[in-house]
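Once you scroll down, you'll see the structures, which are given as structure tokens.
What follows is a pair of complexes built around subunit A, which joins subunit B in one and subunit C in the other.
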Partner chain A sequence: MSLMAQGAIRPAAEDQAEQARARRLLQRRSAIRFFEVIIWIAAVVAIFLLPSKMLILTEIAILALFAVSLDLVLGFAGIVSLGHTAFFGVGAYAAGLFARHVVAEPVIGLIVAGAVAGVLGFATSFLILRGSDLTRLMTTLGIALMLAEIANQMAWLTGGADGLSGFSLDPIVGLFPFDLWGRNGYVYCLAVLFISTMIARRIAFSPFGLSLKAIKSNPTRAALVGIPARRRLIITYTIAAIMAGFAGALLTQTTSFVSPDVLAFHRSADVLLILVIGGTGYLYGGIFGAVGFTLLKDWLSVVTPQYWMFWIGLLLVVLVLVGRERLAHWIEYMPQRLSRLREGGR
Partner chain B sequence: MLNRRSFMCAAAVVLGCLMALPAQAQEAVKIGLILPMTGPFASTGRQVEAGVRAYMALHGDEVAGKKVELVLRDDAGTADQTRRIAQELVVNDGVSMLMGFGLTPLAMAVAPVLNQAKIPAIITSATTSAIMPQSEYYVRTSMGGPQSALPVATWAVENDLKRVVTLVTDYGPGHDIEKGFVDQFKKEGGEIVESVRVPLQNPDFAPFLQRVRDAKPDAVFVFVPSGVGSLFMKQFVERGLADAGIKLIATGDVTDDDLLNGIGDAAKGLITGHFYSANHDSPENKAFVEQVRNANNNMRPNFMAVGGYDAMHLAYAALEKTGGDADGTKLIEAMKGMEWTSPRGPIMIDPETRDIVQDIYIREVKEVDGELYNVEFTKYEKIGDPNTAK
Partner chain C sequence: MTVVLETRRLQRNFGAFMATNDVSLQIEQGARHALIGPNGAGKTTFINLLAGVRPVSSGQIFLEGKDITTLPSHVRVKKGLTRTFQINQLFADYTPLETVTLAMLEREGVGGSLWSKVTGHGALVDEAAALLSRFRLAAVMDERTDRLPYGKQRLLEIALAFAAKPRVLLLDEPAAGVPEDERHEVLQIVSDLPSGVTVVLIEHDMDLVFSFASRISVLVAGAIFAEGTVQEIAANPGVRAVYLGEAA
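Entry: the complex of A and B
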């Protein structure tokens, strides 16, 4: 109240200076950073340099998109979710059913799957508005478990425990078929990941995103300065659900198969794990985490098919003990770090 | 930064491999084995791998002048992993055959890869009937649909068990088995009192067993996945169904050789129907069991292991027939109609359905040399999958 009163009396010049400062702050926050450029260049270069790794890269892209969507919810809106795979799974089934019964063109299927997941996200967002973190944890987990059981029981629609199969997808926009090498599939997934990440980035580093961070750190205070917390959380949750739906749809379209496993608890856990590895609250944590997690898993499971879980567990413990923050900061601030070290500071 | 250099290194390695491939391909035939080696179905993977390796240990790794190379990969029982691994094995490793697949969705997920790459996949474990029509390149050495249940139905009627309740796990193979048993049982003149389905996740059999008890049938026919067999037996005894005069008949999954000793005396006298018992009396089986036991810390092979063993035999025999030609379509043609004597007894690959045709044995759990075994006492010959048979 007093703030507004001050603003009214304050001279126009001072007001403008404040606004300019705010704009500068926002610009600095949203400035494109060095490591972002590297990531996207590396992802594109991989198409030409790593033709034999297209499939695992596709998996990484899908997982990264899924993790980025969870980061919007967790890292910005501060909602802890153990059931994010509900949207992933619904997107996957929606894309599969759409391809089987309506149109087999992937891009339309992708949009439809996103829309279906978005509707579900919107509907369930009202449930997560209530209660504390623990309640949310249980609510989200419960929703995912319910959906998993529905998918298992409605065998006439979803194929039940056997999974949904027997559909194949047309070429992407009628031009690029999904080949055995998975190259077109990768380019397609990468494009969707890029566009979605850019949209998420735009949202996260806008005043809207800042207001989310305010809600995350202190909801009561945020409400007092006039941020409509409920509405913002609903919007964010819905957008994240749409993105998770996209990720699910991409999985369906690149494998032309949906197993009931897309709704399984371990997917929600994996994606949280990825954010733990990569870090939350700056979007790229999901991408770093997905790259790290998948490569590690793949490498270890080739080296030792029986015992790779042990090594992954060990590495996770070490990672958490050493501190992921430190690792992430090395990547982000490598140049500064180095120069600071040279000066002998800290 | 770091990324770029490692990408260059990786690219160099990949290029190197690509150039080395054609030279190598002339002598080696690669077989990709995809199994759940971790997660809840790890025991399946362990058994199948033991069977496959037992075959290679007994018959060498050379066939028709080619060296057979096995590439083992773990899919942790997740279908999209199975699919990706299959595709990678085909594209990057250049495998000529795929093998394994612990569960129905895992097998289903690779159908598009097989159809595109035109290479055979030998299913060692998954049993649902619905798999086979998905691709012309599937062959199966485990069991097809309700194959093991049909003879149990016939045997039950022949032995005066006329009123039966069925109890199966609520998933694809369970539905197949229930349908197969019920159809056959009615055809033989029996009466199905009730059909009960138990959830796949966290099964608690107590309430279902109570329902069975209340229905007062002559016998209850049971199918549960092999892992939960011991849990089922425990609750069956606790609920006092045996005391109420209700006989238990089942498919061999309940008395899985790998777990039978763990179930203990409760299993004694249990009548089951299945395609393999480690107790099967034949020289082929003696050599097989001995090899698996020696190589795997005295582990007793079960029906999964014999599925792996026969898958490898099928691969060897097909390569022999094509004279070492590893072309997928030629291999699958060679496999059709193949007949041989497996450790389980005589078996054949149906040339029409590419599914297995085998003898189903009726066995009783007995103590042999201080261990529990399924002792075969009668058999029904040349049983196929009634769902896929044309």
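Entry: the complex of A and C
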């Protein structure tokens, strides 16, 4: 008797139980976790509790968005990039130029900046499809450095080494002006971060997101279950570029200035470091990492103004040696443990 | 009988080394075709060429009459041809449930969907659960793949290929490395594959080959040395000399 036939005559109840279990397990995968709720509530509560800290919170929100976008590329698609700031910088310049020459309303500027960065991401994605990790590192680094030099040379457009200034933003959607304390600016950045993270989350738990980590984990096998890896990576890279462009635009809009520093190498390195601190592949690593990195940097630069870079470097070495997974796993495991208990009690 | 998979004068060389040398082979619909040969005879290379994992040097491959020689492997899967690997090629940090669901989503062409939820494709999840219980993986559907016993990983290896609903399935040593006590489970699954699926099997285990296959091709030094029914191959003195003689 064949096993397939056995499958057909197995008690239906048994099959149904397995199917219900399968559905529940996959649902649990994408369930909203405890720490997600906490972090968003904390971010909102901060508006009221920490009115004097709006500027540093804005900085964190922008950096977090930038890091979440890199996590899509690194943690999901498995592409290591040393030049992610190319999209941040292009978004920043696009937002500045758009505000100066076309429309000074921030939301329209944000969308335009995202679109420009997205076009650049799409165009350069074909370059990163080639080669190994090392080639990708060099390609992404090269693209960012080239853009930095272009921005420096085209002083008539970008202001060159002096940066781009001489523009001010209209109130957000015509209603909320950027105030002196940076409160509206923070709320605006937080809203963009929230919406972008929710979109990234939705993608992460879609069939598309499921296939991304499979490509990262085993490209040979991924092709043999029928995944068109190239197309998936191009789409992911483009989406990440749009989000990085948003982050750059937010920096421009909240500071009314574009420094050539937005394309500098250290920004690409910082955002990688943030993901090393926060962890990759679950999106919130970018947010936790941005909080940790910014607070640490802020604190260290007060305590040891000359040597803070040393301590950041030391932290990085320790994190890599200890294995960030071991440090960050409690976050990933906690809600699963809870649902495992529920699962056991069914 | 219709020919479902055919190669014409297929060649693949690595430098001066001919790994696949002028192989012309026809495999019929629903066949159980075993590919045997001594180590280094080029069996796995041949499977790699068929599945599109490596490009051919010259020659052609036809699937159901259509030339697939230059198609990338993910397109061949869509056309009904897939394979398993001698050494597990799985997604280490996925569970069997996620792995099989993934393959089914791709099969149905919704794998690129950015905005739907995986759980939104409930019928596929049900199908994945049914497939897993058929392959005796239901109990471990929520374990990380790299923590499964080796025999279970071998089962998942086959289940994953099977999830794509192939019309031609290439099995590269399905029982390789499986401990004795888990072995019968794998062999049972292999011999119970539905008869509509054409199976090409590479195997060293002669018991499995002779109980399973309807036709056998013997590969030596990249070329077809002999081909025929199980009885013909078993009676072939040349085959006994180069291969079975060594094994006996």
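Here is the rule we use: the second predicted complex is superposed on the first by the 304 of 346 C-alpha atoms of A that agree within 3 Å, B and C clash if a C-alpha of one lies under 4 Å from a C-alpha of the other, contacts with A are read in each partner's own complex, and residues count from 1 in each chain.
Rule of thumb we're sticking to: a residue touches a chain if its C-beta (ideal position, glycine included) is under 8 Å from a C-beta of that chain, and two chains touch if they have at least 3 such contacts.
Remember, predicted model here, so these are calculated numbers, not experimental data.
In the superposition on chain A, A:259 makes contact with subunit B only, while subunit C stays out of contact range.
When both complexes are overlaid on chain A, the residue A:161 reaches subunit B alone and has no touch with subunit C. In the superposed model, A:55 makes contact with subunit B only, not with subunit C. In the overlay built on the shared chain, the residue A:25 is in contact with subunit C alone; subunit B does not reach it. In the superposed model, A:142 makes contact with neither subunit B nor subunit C.
By the document's definition of touching, of the two partners only subunit B reaches A:181; subunit C does not. In the superposition on chain A, contact is made by A:46 with subunit B only, not with subunit C. Of the two partner chains placed by superposition, only subunit B is touched by A:301; subunit C is not. Contacts from subunit C toward subunit A in the complex involve residues 51-53, 72-74, 77-78, 82-83, 85, 89-95, 97-99, 101-103, 105-107, 110-119, 121-122, 125-126, 128-130, 132-134, 138, 141-142, 160-161, 163-164, 188-189, 192-194.
By the touch criterion stated above, subunit A contacts subunit C in their complex at residues 2-4, 7, 10, 14-15, 18-19, 21-23, 25-27, 29-30, 202-203, 205-208, 210-211, 213-214, 217-218, 220-229, 231-232, 235. Listing the residues of subunit B that touch subunit A in their complex gives 1, 3-4, 7-8, 10-11, 14, 17-18, 37-38, 42, 46, 72-74, 76, 78-80, 83-84, 87-88, 90-92, 104-105, 108-109, 111-113, 116-117, 128, 130, 134, 171-172, 200.
Residue ranges on subunit A touching subunit B, taken from their complex, read 38, 42, 45-46, 49-53, 55-56, 58-59, 152, 160-163, 165-166, 168, 180-182, 251, 255-257, 259-262, 301-302, 305-306, 308-309, 334.
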